[in-house]
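Next, two complexes with chain A in common: one pairs it with chain B, the other with chain C.
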Partner chain A sequence: MGKTIIPIGPYHPLQEEPEFFTLTVEGETVIDIDMRMGYNHRGIEKLSERKTFENSTFVVERICGICSTSHPYAYTRAVEDIFPMEVSMRSKYIRTIIAEGERIHSHLLWLGLAGHFLGYNTVYMWAWKLREEILDVMEILSGNRNAYAMFKPGGVRRDIKPEDVPLSVKKIDSILPTLDMIKKAVLDDPVLHARLKGVGVLSYQEAIDFSALGPTSRASGVARDVRKDSPYGAYQEMEWDMIVTENGDVFDKAVVRILEMFEAAKIMKYCLNNLPDGEIDAKIKDVPPGEGIGHVEAPRGETFHYVKSDGTNRPIRHKVRAPTFMNLPTYKATVKGQTISDATIILAAIDPCYCCTERIAVKDAKGRMLYDGKDLVQLSREKTAKMKRRMGVR
Partner chain B sequence: MTREEVLMDFTSRFNEDILDFEDKSNTRVYVNIKPEAIVRIGTYLFRNVNARFNIASATDMPPNIEILYHFIVEDINLVISLRVFLNRENPEIESLGKEIEAFNWIEREMSELLGITFIGHPDPRRLLLADNWPECVYPLRQDYEEWDEKADRTRGV
Partner chain C sequence: MTFVYLVVFGFAATALLGLITSWIDRKVTARVQYRAGPPFLQPFYDIVKLLGKETLIPAGASKGAFLIAPVIGISGVIVVSTLFWVNQFFSEGFMGDWIVAMYLLTVPSLSLILGGFASGNPLASLGASREMKLVIAYELPFILVALVPVISAHSIRLGDIINVQAGGVFAGSISGILALIVAILCVQAKLALVPFDIPEAETEIVEGPIVEYSGPGLAMFKLMKNMLLFVLPFFLIILFFGGLRFDGINILWTVLEYLGIVAIITVIRNTNPRVRIDQAVRFFWGPMTLLAIVAVILALKGL
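Up next, the complex of A and B:
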C-alpha cells in the first residue's frame, strides 16, 4: 500500500505553539511521525539577558498564555536559589493559591478542547463555562483573569485582601458540584471508554526514557510531581493526593487531569482559609554572583529555570525549559501504529491550546487537496459517532 | 538510599573523572567533570541512580563554553548538575542523545544556539532556528552580532 505524507501545521488549533508535524500514513495507520518547530522562537533567553532580574519576571510571564504563572514561579525560585533564601510563609501561600487556580483553569481548558475534538461539544461548553468561574476567582484575587503579575524575586507583588477571601472560597465551592458532574459524565461514558482507552499508549519505560513530565508521566504510572518530590510553596502544609494511573492512554491522561482539579481546589481552599500573617516581600536589593535552579509543577509538568548571575543587576544566562519540551517528543512513541482519526486526540492529549490559526492540508502525490484541518477533526468526530451508533448510545 | 549514600557512591565510583565538587545546598550539588566522561556518568545517573534528566543549559563564557547537565534524584530531592567546560574554538562532546531519548532535543538546541558539536547524535538537524538562518552564526554566543541587514529588532525599546 502506498504511503501518504500528511503535514499538520505550522499553524493548527491542536498545537499550543506553531509546530509542524509530518505524519506518514499507510492507509489509515500512522507509520511515522516527524516534527519541525521554531516558528514561535522569540529568543526569550537572549532577551532576558538584557533585562534586570526584576524585569525578567514580566518577560517570562509572557512565554505561555495559559500557564503564565508557572514561568515567573520557576524564575523567582531560581533567583532565590542563587542566595539561597526562603520567602515568607504568607507569600508562599499566595504563590500556591495562584499556581493552583491556574492549574484548574488550564485543565478545564484542556478538557473542553478534548471534548470538542471528539465531537462531545457538551463537555466543551460545560468545561469552558466552568473555567469562567475560576477566572473570576483569579480576577478577584489578583486583578487579572490571566497573566497575574503576582510574582517577584523575594516574594509577591500584591497582597490578597482579607475581604476577598470569603467570596473566592464561595466561588470555588460553587464550581465543585458541576465539576463533579463533568467528572461523572466523562469517566462513566461508555463511548469515551471505547474511544480513548488503549489509544496513544505511553508505557512506563517510555515515560522514563523521554523524561516525560506532569500528567503525561503520571498517567503512565510514573509517580512524578515536583510538588511532592521537591516540596516548595505551601504544598507541605496540607494533605493532598498525587493522582497516578497505570495505563498511559489518552483516557488515563484525562482521568489524571480531571481528578487533579479537585486536589487543586482543595489546596486553594486550604491556603485561602489558613493564610498566615506576615510580610509579602523580602525586598531583595542585589543578587550575588552565582547560579540558581528553580523548578515548579506547572499544569503540564515541571517548568525548569536556570539563572546565572555575575553580581550585576542582570542575569548572564537564563535557561528556560517548559514541560512541553520534554513531553512533545513522546509523540514518537504514542502516535505510531494508531489510526489517523486518533492522531488528532493523541496529539491533543498532551498539550493543546486554541490560539493558532487553522492551517492543515492533506495532499496526494499529484498535489490534489484531500483533507484540510476541519476534515481531520471531522474524521475524529465521525469515529465517535460511529461508535455511538454501534453501542446504541444516543 | 539517602543523600549521603548517593553522593558517596557517586564520588567514589567516578573519583578519577571528577575535577571539582560543590555542595551548594541541601538540594543542589554542582559537579565539575571531565568532558570525556559525560556519557559514562550521565547514563549511570539516568539508568542506575534513576535520576530524571531535567535539562542541559549551555553558557558561553570565553574562553570556554560551559554545559550544565541537570539531573534530579526525585526520591531524595537532590539536583545534581554535571558541569563540563569545552574549548570555545572547537566545542565538541560525546552525545548522550544516542543512548537516551530525553537528551535528543536539547542537544540539537545547544548545537544550533551555541555551536557545540555532539558527536554521534542520531538526528543532528536544527530544532528552533529558521531554515534561512546562516551557518556558523550562534545567537547565544557573547560575540553574536546582527547578521540580517533588513531586520528591525528595535521594536520601540
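Up next, the complex of A and C:
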C-alpha cells in the first residue's frame, strides 16, 4: 500500500492555533510524523526586556489566555529569586487560590475540547458550561474572568475581601456535583473506554526520556509535580494528593486531569477558609543585579521563567519555557502505529498550547528556514558574550 | 402523473419534511447541550444560501464525476422517497419494490464515495474509503433486518407489507422489535451521525468526502442528508409500523412513532463519542449481524 501524506494544519478544525503536522500514513496507520512550528510570531521575551519589572508581569500574563496565571506566577517567583526576600503568607495563599482556580478552568476547557475532537459535543458544551461557573468564582475573587492581573513581584495586586469568601466557597461547592456527574459520564462510558484505552501510550521510560511534564508525565506513572517536588505558595499547608496513573494512554491522561480538578477545588476551599492575615505586598523598591529562576506547576506542566537583572528597573534577559515545549515531542512517540482517527485525540491529549511555546522562526521568501539549531546556539552564545561585555562580568 | 409523484412527493414533500426534521434534530441537540438552537427556518436558509454560492472545482479533480456525484445522490433519494410515497398513498407499488428500495438507499453513500474520490483531495479520498468500509459494515445487518417484515408479510412488495400490518404492527412481535433496534442503529450509520460519523469526522478529516464541495454541489449533498433524515425513519415506519396512517387517533400514533424514531437517533448522537472505523465494522458484523440473524430466525418461526 502506498504512503500518503495527510496534513493537519496549518489551519485545521482540530486546532485553534496555526501549527503544521504532516502525517505519513499507510492506509489508516500513521507511520511517521513531522512537526513544523513558527506560524505565530511572539517576541514576548524581547518585549518584556523593554518593560519595567512591574509591567513585565502584565506582558507575560498575555503569553497565553488559558494559563494566564502560571506565567506571571513563574515570573514573579523568578524576580523574587534574584535577591533574598520573603513574600507574606497571605499573598502566598491568594496566589495559590488563583493558580488552582485556573487549573480547574483549564482542565474543564481541555475536557470539553477532547470531547469535541471525539465528536462528543455534549461533553464539550457541558464542560464549558461548568467552566463558566468557575470563571464566575474567579471574577468574584479577582475582578476578571481571565487574565486576572493579580500578581506583582513581592506579592499580589489585589486583596480578597472577607465578604467574598463565603460566596466563592459556596459556588465551588455547587459545581462539585456537576463535576462528579461529568466525571462519571466520561469515566464510565463503555464507548469512551473502547475509544481511548490503550490508545497513544506514552510509556514510563519514554515519559522520562522526553522529559514530559504535568499530566502527560503523571499519566505515565512519573510522579512529577512542582507543587510537591519543590513546594511553593501555600501547597505545603494542606493535605492533597498528586494524581498518578500507570498506563500512559489517552484515557489515563483524561483521568489525571479530571481527578486533579477535585484536588484543585479542595486546595482552593482550604485556602479560602484559612486565609491568614497580613500584608499582601512586600513593596519591592529596587531589584539588585543578579539572576533568578521561577517555576510553577501550570495546568499543562512546569512553566519555567529565567530573569536576569543588571540593577536597572528592567530585566536584561527574560527567558520563558512553557510545558508544551517539552510535551509536544512526545507526540512522535505516541502516534506511531496508531490510526488517523486516533492521531487527533492523541495530539489533543497532551493539551498543547502553541502560543506559549512559539517564539520565532526566521525564513526567507520561499519559506526555507534560515537558521538551524546550530546557528541558533551560536547566536545565543554571541549575545551572551555581548551582554557580559556590557555588564562588565566575565 | 409520474412527474407529479416525483416532483411534488419525491422532492418537495420529502425535502420539506427532511428540513423540518433536521431542525428538530438541531433544536433538540442544542437543548441537550444548554444552547438556544437555530430558528425554525435555519435549515432552509442554509440550503438557499449555499445555492447562491460559487462552485469551485479543485485543480486535481476529475471534473465530470465531481459535478455529477451530488446529482446522483439526490436523484437516488428522490426516487426512493417517491417509491415510498406511492406505496403509502396510491398503492401503486410493484412486485419487488422492496429490493429496488434497498438498492436505491445505498445510492447516497455511493455518490459520496464517488464525489470524495473524484475531488482528488487526500482527506476526501480517506473519507470516501471510510464511507466504503462503513457501507460494507452496515449493509449486511440492515438487509437482514429489512427481511424480517418481508418474511412476516410473505411479500416483497412494500404495499403488501403496509396492508398486512393493518391487523397488527410488526414492531409488536419479538422479531419485529429486535429488528427495529438493529435497524435504527444501521440508520444511524446510514445517516453518518455520531457515533458512526466516521466518514465525515470533522475534527479528523474535515468533513471527509465533501471537503472540496462548495455552492450548489454542497447544497445538494446537504439537502440529500436532510432528506435522508426523513426518508429512513419513514422506511422504518413502513417496515415495522405499517406506514403513515391518517385515520382518527392513528394520526397521533404516526406522529409519535416518527418523532420517537427521530428522538432516539438524536439522543444516540448526543450521548456517544465517535468510534473508530474498525470498531464500527466489528460492531456491525458482530453483535448487530447476530441479532439480525436471531430476528430473521424468529420471524421464520412466526414469532
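Quick note on the criterion: the second predicted complex is superposed on the first by the 345 of 394 C-alpha atoms of A that agree within 3 Å, B and C clash if a C-alpha of one lies under 4 Å from a C-alpha of the other, contacts with A are read in each partner's own complex, and residues count from 1 in each chain.
As a working rule, contacts are C-beta pairs under 8 Å (C-beta built on N, C-alpha and C of every residue); 3 or more make two chains touch, one makes a residue touch a chain.
Bear in mind the structure is a predicted one, so any value in this text is a computation, not a measurement.
Once chain A of one complex is fitted onto chain A of the other, the partner contacts of A:319 are limited to chain B, with no touch recorded for chain C.
In the overlay built on the shared chain, the residue A:308 is in contact with chain B alone; chain C does not reach it. Of the two partner chains placed by the overlay, only chain C lies in contact with A:194; chain B stays clear of it.
With both structures placed on the common chain, the touch criterion links A:129 to chain C but leaves chain B unconnected. Of the two partner chains placed by the overlay, neither chain B nor chain C lies in contact with A:85. Counting contacts by the rule stated earlier, no residue of chain A appears in both its interface with chain B and its interface with chain C. Considering their complex, residues 37-38, 41, 43, 45-46, 81, 84, 209-211, 224, 229-231, 291, 293, 295, 302, 304, 306, 308, 316-317, 319, 321, 325-326, 328-329, 332 of chain A touch chain B. Taken together, the chain C residues at the contact with chain A in this complex read 29, 32-35, 122-123, 126, 194-195, 197-198, 201-206, 270-279. Remark: chain B residues 24-25, 27-28, 30, 52-55, 57, 59, 68, 70, 72, 74-75, 77, 79, 81, 100-102, 104-106, 126-130, 139-140 touch chain A in the complex. Per the touch definition, chain A reaches chain C in the complex via residues 4-7, 12-14, 28, 115-126, 129, 189, 191-192, 194-195, 339-344.
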